[in-house]
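Two complexes come next, and they have one chain in common, chain A, joined by chain B in the first and chain C in the second.
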Partner chain A sequence: MIEVKNVKKKYGKKQVLSGLSFTADKGEITCLIGINGVGKTTIMKAIMALIPINSGEILIDGEKIRKESFEKVTFIPDSLAMLPKMRIRDAIEFMADFYKNWNPKRAEELMQFFKLDTTDRIADLSKGNMAKVNLLLGLALDVDYLLMDEPFSGIDIFSREQIAEVFTSHLIEDRGVIITTHEINDIEHLIDKAVLIDNGAVIKEFRVEEVREQEGKSVIDIMREVYLG
Partner chain B sequence: MLDTAGELYEYKKENDYRLLFFKKYKASLCVLCIKLLIHRNVIFREVSKLDMKFNNRDPVYVQVIRYFKEQIAKGFFEPGQEIPSRRELASQLKINPNTAQRAYKEMEEQKLIFTKGNMPSCITRDEEILKGVREELIIETVDIFLSSIKSINMPLSEVLEIVKKKHDAESKGTEEPK
Partner chain C sequence: MKSFLKLVNFELNRFFKLYFILMGLTIVSQIVGAFIVAIVYMNDAERIIYERQISSSQYIEEYGVFSFFNYFNSGWFLMPIIFCIALLILYVFFIWYRDWLGKNTFIYRLLMLPANRVNIYFAKLTTIMMLVFGLVGLQLLMLPVEVKIIKSLVSEDFQTSFSFNEIHHLPILSWLYPVRFTEFVMMYGIGLILVAVIFTAILFERSYRLKGIFFAIVYGILSFCVFMVPLLLNSFYTNYFYPNELLVLQLVATIIVLGSAIWIANHLLKHKIRV
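Presenting the complex of A and B:
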């Protein structure tokens, strides 16, 4: 379980996270929802210890993040962090060198699933294919937790469907996933839990099936209530 | 058409050859046919993928159960038929594996499906339950029909007349499903 407890973060004078708390369980898909600039990406970076936090605590399976934790949790940023000069196979090799838990079999499977060509240069890839390579590099790691930042932004409908399909397959099964998005439509049926964020704090955290069952409301209904009501 | 005697001879020879071949390899041909059938069945199973659209307000697992009931009533799922595993169902319907798990658990409790040990789950063979599913769906549909026809304020006999006419016209056009 990933626990984010009362995390505060300032960029200069600007308070980005103002006491944010939520949990994300293993084997579940947790979706952080909020409009641009509410601090979604900042939380992800804070969980990965890419930025220091001013106060609060973040625990992964009850432990603070250490060097070894990076074999257990991975972050897929919203843009590909590989050199443009590299070919896809170079990027894969780079990852294999860097991480102990790189799974070459799964990488191969993903290459086929996304219909990518290993000899393509990263700089020449379309935006959609770049997003797919980005996902591939994250998903081929045997980690317990995956953090994905806006995997659907700026991607065509068919690629989106393809990416959404990953969530229902064995590639994700039994892992804990935290995903951020502002386009909930694509994955409404896929997520277990929604965490609505505004002004750097959680305003509502709920299980989507429970809300449908007890209140007959969709995620978007709840969002409308919370953000506009 | 065969013109010359030479061609006729060739034709006969070729056919005899086929006959000979058939006689000689009868047994293995049979095996091959059976294999082909099994193979085709496997392909058929993969092609006949489940497909459904979800609405956003009802719990997904409830919608999945309803879909299964419809398929049972339609005869797409036969009594005792093997159904996809939880993981297969999740990827076919593009839903969360946890939701697929929940739907199966619920259906097991309703005795719509059963699982023996580590075997794949199957549709129930219990006639009573199967009949119940059919009745439940029919009553549900009639309820929807009645509530939408209510606002028109039409005598029942007239409504039934129209229903009968429409139904007859439609079933003439298409074959009755088995």
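Presenting the complex of A and C:
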């Protein structure tokens, strides 16, 4: 389980996270929802120790992050973190070189599924293909937790469908996924838990299935209630 | 250790294209320069001898023999060295900032590697030192070639014997190639510490941004002061310390400066760095 406990973070004078808490379980897809600038990306960076936090605590399976944790949890940022001059195969080789739990079979499977060409240079990829390579580099790691920052933003409908398909496949199952989005439509049917964020704090956390069954409400209905009063 | 070596290899590869261009430029400029300087000298000598109808020995009496310093002080020889040094100094900064720049922010990847983050620091430090030694080595290999070229073009009457000890009389070469081994260690040791301190200062800036620039400056000044303490003590208390004692003091100061640079870098990379 990933536990985010009462995390506070300031950028200069601006309080970006003001006591944010939530948990994300293995085998579930947890979605952080909120409009732009509410601190969704910040919390992901904080989980990966890519930015310092001012107070609070973040635990991954009960432990603070350390170097070994990066074989257990990975972050897929909204842009591809690889050198533009690299070819896809160089990026794959880089990952295989540094990570013990790189799964070459799964990488190959994803290459075929996304119809990518290993000789393509990263700088020349379309936005959709860039997002796919980004996803591939994260998904081909045998990690327990995946953090994805806006995997659907700014890409064409077919790429979106392809990526959404990944979520229902064996590529994701059993893993814990935290995903951020400001457009819930694409993935509403995929997510297990929704965490609504505003002004750097959680304003509502609920199980999507339960709310749908018991109250007959969709995530968007709840969002309307919460954000628009 | 393994990930450190992989990172060094990776960092070297990233600079290799430009590095080869630098090396090529140095080789071409210095070799072409050797030809030109020698040929121009011989042409001038022959012209003057012809015009004034004097003998070679008279010419040498009046104008002197060919001096290798004509070549070593020429732009052909010096410019590529200065250019390489300038570019490497720039790269000390760029080797960090390039990871934050652009759309594909590679620093994310580096910081998420399952290895001690301080390895990134060591790998970049090692890379810079290897790039420096590579160029220093290349220059060392080039010198005899250049001397040979000049000797083959300038007729023997106009030559003086040239020994490699003479290169120590040249300003740039004397500090690139110190005579004694201890001087060599000191020279490049100071270089290493300087780069390490600059790296840590960069990490201050990368961790605290605007405030970090202030921290970086204060940190840089403090490091410099600690490093200078033994020398200052010696100038206040002249002849108080034995040379050996001074050496030990300097060694201690060096260890403090280098040790704290590494310790702070490790702390910043682990707990304070921002992407």
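Going forward, the second predicted complex is superposed on the first by the 229 of 229 C-alpha atoms of A that agree within 3 Å, B and C clash if a C-alpha of one lies under 4 Å from a C-alpha of the other, contacts with A are read in each partner's own complex, and residues count from 1 in each chain.
Assume a contact is a pair of C-beta atoms (placed from the backbone, for glycine too) under 8 Å apart; a residue touches a chain by one contact, two chains touch by 3 or more.
What you see is a predicted model; the values in this text were computed from it and never measured.
Novice: Quick check on the chain A-based superposition: chain B and chain C, clash or fit?
Specialist: Aligned through their shared chain, the two binders fit side by side on chain A.
Novice: Could you tell me if A:E68 is touching chain B, chain C, both of them or neither one (first, second, both, neither)?
Specialist: Once the two structures are laid over each other on A, A:E68 reaches chain C alone.
Novice: Contact-wise, after the overlay, does A:P84 reach chain B, chain C, both or neither (first, second, both, neither)?
Specialist: A:P84: touches chain C, not chain B.
Novice: Quick one: is A:S126 in contact with chain B, with chain C, with both, or with neither? Answer first, second, both or neither.
Specialist: The answer is neither, since A:S126 touches no partner chain.
Novice: Report for A:T118: first if it touches chain B alone, second if chain C alone, otherwise both or neither.
Specialist: Neither partner.
Novice: Name the contact category of A:D97: first (chain B only), second (chain C only), both, or neither.
Specialist: A:D97 contacts chain C only, not chain B.
Novice: Which holds for A:L50: it touches chain B only (first), chain C only (second), both, or neither?
Specialist: second
Novice: For the overlaid structures, how many degrees, to the nearest 10, lie between chain B and chain C at the C-alpha centre of chain A?
Specialist: 140
Novice: Could you state the shortest Cα distance, in Å, between chain B and chain C after the structures are superposed?
Specialist: So the smallest C-alpha to C-alpha spacing between these two chains is 28 Å.
Novice: Residue numbers of chain B touching chain A in their complex, please.
Specialist: Per the stated touch rule, the residues are 54, 56-62, 87, 90-91, 93-99, 102.
Novice: Note which residues of chain A are touching chain C in the complex, please.
Specialist: Residues 45, 48-52, 67-71, 74-75, 77, 79-84, 94, 97-100, 122.
Novice: Over in the complex, which chain C residues touch chain A? Could you list them?
Specialist: 3, 6, 10, 14, 102-109, 111-117, 207, 270-275
Novice: Report the residues of chain A in contact with chain B in the complex, numbered from low to high.
Specialist: The contact residues of chain A facing chain B are 27-29, 164-165, 167-170, 173, 188-192, 209, 212-213, 216-221.
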